[in-house]
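Just below sit the structures, each encoded as structure tokens.
Each of the two complexes below includes subunit A, the first together with subunit B, the second together with subunit C.
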Partner chain A sequence: MRRATESDASRRGKPAADAGRRYFNLTAFLSAFCLFLSTIEYMIPKPLPFMRLGIANLPIILALDIMPVPQVLLLVLLKVVCQSLVSGSLFSYIFLFSFAGSFASGLVMIAARKAGGKAISFVGVSVLGAVASNLVQIVLARYFIFGESAWYIGPPFVAVGLATGILLGLFCEEFARRSTWYASMKGARR
Partner chain B sequence: MKTIARAFREEASPQILLASGLVVFPAFLFQPALSVRFFTALVFLFLAAAVGKRIRPVATIVMSASIVAFNLIVPFGRVLFSIGDFRITSGALSGGFEKAVTIEGLIWLSQVLVRPDVRFPGVSGELLAGTFGYFARITEERKSIDRKDIFGSLDALLVRLWDEGPARIQETAKKGTGPGGIAAIAALVALCLLPYLFLLFGPLPAWLVWN
Partner chain C sequence: MRLRVLDYAAILLSLATIAAFSVLVYGGGRNSPRVVIEGSGREWIYPLEADQRVEVQGPIGITVVRIHGGAVRVEKSPCKNQICVLAGEIRKTGDWVACLPNKVIVRITGSRETGGVDAASY
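Right, the complex of A and B next:
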């Protein structure tokens, strides 16, 4: 009787353990993808050194439909920490800006996807995330770097965020439609 | 330069370097004397260059100039001079300079003390190792991403790498921190902490008072 109970428990526990291991690997896989995209972004010339295009957020947007919320947040954390380890910016304001912007963006995108479901496209999710990230970073810039003058850079900063958010969202829509890998990940979650 | 690079890169473990940053970082950030902070930042710049980090002078100058310029928009303190109707004030100028020095100094400090081969114990360490393992494989295979078929080639890459799993990261030999590494870290910590002791004994000499 006792042996049968243990066996049942292990049978019930195995799929959960497998799923946990799969999400663990998927989190590492997507954060590596974020890291790769951030190195590509680093190589793209920009008019201002602190300007960001946000292409490293692509895996996070894709993760919204294939991972549970805690894993998406873990992915955001891993992205920020790994970026700061590779670029060596852990003890700088860059880390603070990246951390705050990424979490604001991540939380808004999760909320938008959960609340809107299929009614809100990846373009909408991406734009909301980009705007949230930019707004939080402007507020930080107000207190840590530029003072009151930070409000002057607000409009162009948000405009760039809108444009890059739309482009990133369009890319995600198309990739999600065509990708066999993404389809298999969605299928595995169901 | 080579001795400094060896001390920080080969004779100091990445974990010890990261831990020393927890002391150096606040000591630099909260240094009240702008002049001391400026000279400390210059030392960080020298060390970052010595350990082989790429220093980008144009980006540094543009970043610093933009921080100072944005601070000047809101006047504060004594008017130094005017350009047309635009007044350059002492408080706004020194405030902008202080922020620029702090931001650049922290970037250089991070470049010296934070290394990608730092390892953490437990699940978080396993997750980081997995991430860097996959990252190594993606970087190796990056040329398979075709610009003419970005979606197809990227999808094929993801399928292949997901099936194969992360690359095993070469474990660096687990060696402790050597005498050179201890000396380098101690010197850096002293550099940031000693000015506080001097400030306890009285004001700075006039030539070091900038703010």
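Right, the complex of A and C next:
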């Protein structure tokens, strides 16, 4: 991490071109964090296959404030791959669900963070992301697997998203408030 | 920590989504009788309660279907024998009326009314 900050300072003149390299370590670190959390997530029993806690999204939410948009999207992609590696669904249709849901949620969260400014905290961002992800997955389930009956699991599915979204958002707020590492990352970005 | 304005907005929006979704999925709308109109390889579905005039293009022209007061009938047909028009109104689940020359089929689907009597004789 130290090395990344030093090179930050030396490259301050041309920010866009070197963004990839500047955030290389941070992206690797956060995606490893995604992999770890996916494993934890996988250990927790689920009542239904698609009902996830979504704790693997934690690094993505934190990344919103300390990385530029392309890096956040790269992190989302890495998270999807990590998650499917852990659950063994890399080459199955579940990957498609995970991919679509994660990117919907990622894009919505980036937009919410940018548009919301000071009026939104990680709680709102996380809730919007979770609900977006779940809605997209229901629509996919409707058209690719279950047909009309997919709508029936919709409302409880979105409700679970709302609940886990709030919890995850609260955790992120608390983490961002207490962590000195996070504060330094935020500082380095400015 | 304190939630901010847009946090509440996001939560309310989600609750509204869940509520609307629930009404759509679990609400009564799904079981009420619907009019299914098939023609030229496509299918249209209308509620039986709402009055409507539908024009369906078939191979020999336009068939006009009218949904009115909980009943459906073929109002106008380009066919020669006019059986579909003479068939009159249909209003119960399972009933159908068809114009074979113009390949238009109109039927009513949905849950059947319970306790109804099909016919009575004395």
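Operating definition for what follows: the second predicted complex is superposed on the first by the 167 of 190 C-alpha atoms of A that agree within 3 Å, B and C clash if a C-alpha of one lies under 4 Å from a C-alpha of the other, contacts with A are read in each partner's own complex, and residues count from 1 in each chain.
Here, a residue touches a chain if its C-beta (ideal position, glycine included) is under 8 Å from a C-beta of that chain, and two chains touch if they have at least 3 such contacts.
Just so it is clear, the model here is predicted, and its values are computed rather than measured.
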Clash or fit, subunit B versus subunit C on superposed subunit A: fit
Contacts of A:82 with subunit B and subunit C, given as first, second, both or neither: first
Subunit B versus subunit C as contact partner of A:93, first or second or both or neither: first
Comparison of subunit B and subunit C by subunit A residues contacted: B
Which of subunit B and subunit C A:147 touches, first, second, both or neither: first
Partner chain(s) touched by A:175 [first = subunit B, second = subunit C, both, neither]: first
First, second, both or neither for A:29, with subunit B first and subunit C second: first
Minimum C-alpha separation between subunit B and subunit C after superposing on chain A, in Å: 10
Intersection of the subunit A residues that touch subunit B with those that touch subunit C: 152, 174
Residues of subunit C that touch subunit A when the two form their complex: 1, 3-11, 13-15, 17-18, 21-22, 24-26
Subunit A - residues contacting subunit B, complex: 24-25, 27-29, 31-33, 35-36, 39, 48-50, 74, 78, 81-82, 84-86, 88-95, 144-150, 152-153, 174-175, 178-182, 184
Of subunit B, residues touching subunit A in the complex: 18, 21, 24-25, 53, 59, 62-63, 66-67, 70-71, 73-74, 95, 99, 102-103, 106-107, 109-116, 118, 127-128, 130-135, 137-139, 142, 151-152, 154-155, 158-159, 161-162, 165-166
Sites on subunit A touched by subunit C in the complex: 112, 116, 118-121, 123-125, 127-128, 131, 135, 151-152, 154-155, 158-159, 161-162, 165-166, 169-170, 173-174, 177
